[in-house]
Amino acid sequence: MVRFLIRRTLFGVLVLWLINVAVFVLFFVAPHDPARAIAGRQATAQTVALVQHRLGLDQPILTQYWHFVTRLLHGDLGYSYYNSAPVRSLILARLPVTLSLALGGAVLWLLLGVSIGITAARHPRSLLDRAATVFVLGGLSMPTFLVGLLLLYTLFFRLQIAGVDAFPGGGYVPFTQSPTQWAQHLILPWLTLALVSAATYSRLTRTSMLEVFSEDYVRTARSKGISERRVVYRHVLRSALTPVVTQLGIDVGALLGGAIITENVFGLPGLGQLAVQSVTTQDLPVVIGIVLVAAFFVVAANLVVDLMYAVLDPRVRRR
Amino acid sequence: MTTDVLLRADDVVKDFAVRRHGPRVRAVDGVSITVHHGETVGLVGETGCGKSTLARCLTRLYELTSGTVAFAGRDISRLSRHQLAPVRRDMQMIFQDPYGSLNPRRRVGSIIGDPFAIHGVADGHDRQRRVQDLMKLVGLNPEHYNRYPAEFSGGQRQRIGVARAIALQPKLIVCDEPVSALDVSIQAQVINLLADLQDDLGLAYLFISHDLSVVRHVSDRVAVMYLGQIVETAPARQLYQQPRHPYTAALLSAAPVADPDRADQRQPILLTGDVPSPADPPAGCRFHPRCPKAQQRCTVEAPALVAREPGDDTHLTACHFPLDSVDELVPR
Amino acid sequence: MSTVPLQAVSPVAGDDPVAADIQGRSPLRLALARLRRDRVALASAATILLLVIVAVAAPLIAHLVGHDPTTQYRDTGLTPAGLPIGPNRHFWFGTDNLGRDVLIRVIYGTRVSLLVGVVSTLLAVALGVIIGVTAGYFQGATDTILARFMDVVLSFPFLLFAIALVSVAGPSITVSVFVIAFFSFAAVGRIVRGQTLSIREREYVEAARSLGASDLRIMAVDVLPNLIAPVIVYTTLLIPTAIVFEATLSFLGMGVVPPTPTWGNMLSDSLQYYQVAWWFILFPGLALLITTLAFNLLGDGVRDALDPATERLFAEK
């Protein structure tokens, strides 16, 4: 188990490093005037010169890279000339928003997806199952932003006109300020994030559970007289959930992507919104910072999921 | 007469690693065998004794762990793929599974024409004509040139495999259980086909099977394999009438006999125990745990495959106490 | 060899069901026959065909209607207060905030979506097949590196990569195609690799090698034909994903730029105006939904036709 962990961690570090190099090449080596690019569109000649000097862009590439890496390891993610603030503080300020959104969304999508899947599996071909199928069909065909727009229109706008002000259409209230308002502002975004993926997960859970249902050990459990509920929750769920967990690992990236989209639909001041803005304003240091931070999170999350997978399925540990 | 030796294998060893750094399984342990021009050598043994592995080592589908294989006087043990190309024209293989050995997505004419295409021998219409000639030769309707393997029966598919193997007129064909997957009535047809082709084309066969009666029918010489080693080899008639190795005797006694009266009279020799795993073979003579004649010497010293009867060097046996007659082992 | 007396070798009768037929029915042809009987798949195919026709005929339609996608019809298309007009006789789908004809813009948007969707998918599939087959066939170190690479690509957030690239190269249709293709190839590659791994162990591959066939030949002649079925299925299923990707990119302003209309950037505009103009969301949204749905259902039907054993995703029975 330890060997497995070590190998996975090393691999994760390797991936991170490769991404790091790729980012460096993309932003500092490839463009013909990296200084101007980093300094931003509004930069004066003075600023450009300052950037040139600060980043040591006239030095050999390897030296530049070395400085790049050392700066990163010290937590220096660069400086945004457009926002006149260090990238790190910009990111830290917006991180809670994105985290709230992402984690809440993930929890919701798992809960929704798995419970729908379980229900559908327990009553195959019933009305519930068919409704679930339609749900899946819709989910697979709808882009996240469209779901967000529709939710905005129906649950926010229409309800508001009707006088019901339950779901705010955007904005963010920090948890520390007011937990209820925090949740209220996040409900629509969470739903948006969750619905599309819940569809896939419900289908995955359903298929997986149906497979496990037909296995011999389930029949044994049933014939022993164990209640259906116990059969489902104690025996079947554990093995049926392994493909779901694996899929989750693959989907951490999708979660981040979904968060970016949702933030832009609902105007949440998170990293996603910052990222898209920075692309429009060509604020490269912010983009670099976000890409690196996000890569780190994705790799770390994958590692965690691998670990969970090893816990769930002992066969993996022996490798 | 070393000049008409076609294939000679010396001390071939093949190991497989079960896991990347795990223990190695020795599937073939020091096998030496020869095949002369135009003769049929039968190779028998139970499933798992290493016959198929040996076949693939001889045709260089597997890399040898050690030992040598010489074809037409030339050492082919370490040749590269490129250097092996001309050898592959002369040494071909027929496989066991009529359903797996043909690509289901390709038309039969294309499959049979593969050797022509690969070795650049014939093209276009010329190739088609030759393929159709081959189809006729093996008893298939040449008009079925464009059909898919799924549209043929098992016996017909083996014929397709045979056609593919003889396309370039090889000198040796290694037949790996060519009829084991077929119905008995079809088996006879395919075997007769192989016999006819041998006469017409002057082929040599290495005929591998677990079915003793089939092997007896087709072979000039027979070798018996057990747990990766050859335990006895002799001209066919002699092996079947006067087996020397206890294992051979036991195998023969278990083979079904057509005549019910004779069958009743026979006393089968029952071996105790199961075939040991090739990953952990017994010490000394590998057969000793199951051998009714085993003695102390057998547990420590592995017997060499040599002639045990003075003056008769065609009959080799790997046993310290070879049988003088089959009846020695029959329970009283 | 002792044998029974030689018999003349006559064609083996066998159980020969298809008597006079000389051409074999290929597995693909059988699949097509099955597909033809699937009504849902046929309906989807028809829808897609309609979309293609509309996309190709876009300039013609614009000419017939009398409006073009980028002109701002301020007199006829906006209220005196400057707000967009809803669907009416002149503008079947209404107008947008700049007085442009939504119908024509949606139609022109079809072009972008279909073009980007199909081209990036084809690119992704080509790349995925090449890399997947190479990894699966050669195994060893090559396989480990390529397989891990594909796993990493698969797990990385596509949007993040798009953001990085667009910030350096600027938004454009080419960048969109490239980004989408790069992220889709890994899914195809993994499937192809898996299939290749199992095909490689089949006896007919061994037979080919014993004949002396080169690796390249085996890959082309023995491995690839057995991949056609899953590749086709994946292609049809990948196209809607690509279309959604493109729409998302445009929505965020990182795809095709205005004034070229795409469903994505139209929906992006709708964010600000939906409270006064519901038709902003409805028509591009509906177009997007219908297109993706059609491709998904078709892909499902294709998968069923090629391999009836798989469980249908959207089975009605």
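Each chain gets a letter, A, B and C, in the order it is written, and its residues are counted from 1.
The rule is short, and it goes like this: a contact is a pair of C-beta atoms (placed from the backbone, for glycine too) under 8 Å apart; a residue touches a chain by one contact, two chains touch by 3 or more.
Treat the numbers as computed from the prediction; the structure is a model and nothing was measured.
Chemist: Please remove chain C from consideration and report which sets of chains remain connected through touching.
Modeler: No chain C: A | B.
Chemist: Going by C-alpha centres, which chain would you call the most central?
Modeler: Per-chain C-alpha centroids ranked by distance to the global centroid put C first.
Chemist: Would you mind pulling out the distance in Å between where the CA atoms of chain A average out and where those of chain B do?
Modeler: About 59 Å, centre to centre.
Chemist: I'd like to verify one number: the distance from the centre of chain B to the centre of chain C, where each centre is the average of its C-alpha atoms, in whole angstrom.
Modeler: So the centroids are 50 Å from each other.
Chemist: Taking each chain's centre as the mean position of its Cα atoms, how many Å separate chain A from chain C?
Modeler: Each chain's C-alpha centroid was found; their separation is 25 Å.
Chemist: Give the list of chain C residues in touch with chain A in this complex.
Modeler: Those residues of chain C that touch chain A are 148, 152, 154-160, 163-168, 171, 240, 244, 247-248, 251-254, 267, 270-271, 274-275, 278, 281, 285, 288-289, 292-293, 296, 311, 313-315.
Chemist: In their shared complex, at which residues does chain B touch chain C?
Modeler: Those residues of chain B that touch chain C are 40, 56, 59, 61, 81, 84-85, 88-89, 92-93, 95-97, 100-107, 114-115, 118-119, 137-141, 143-148, 151-153, 155-156, 159, 161, 164, 189, 191-193, 195-196, 198-199, 217-220.
Chemist: For a test of understanding, state which residues of chain A touch chain C in their complex under the given definition.
Modeler: Against chain C, chain A makes touches at 11, 15, 23, 26-27, 30-31, 37, 133, 136-137, 140-146, 149-150, 152-153, 157, 203, 207, 249-250, 252-254, 256-257, 260-261, 264-265, 275-276, 278-280, 282, 284, 287-288, 290-291, 294-295, 298, 302.
Chemist: Which chain C residues qualify as touching chain B in the complex?
Modeler: Those residues of chain C that touch chain B are 1-4, 6-7, 9-12, 14-15, 17-18, 22-27, 202-204, 206-214, 217, 221-222, 225-226, 228.
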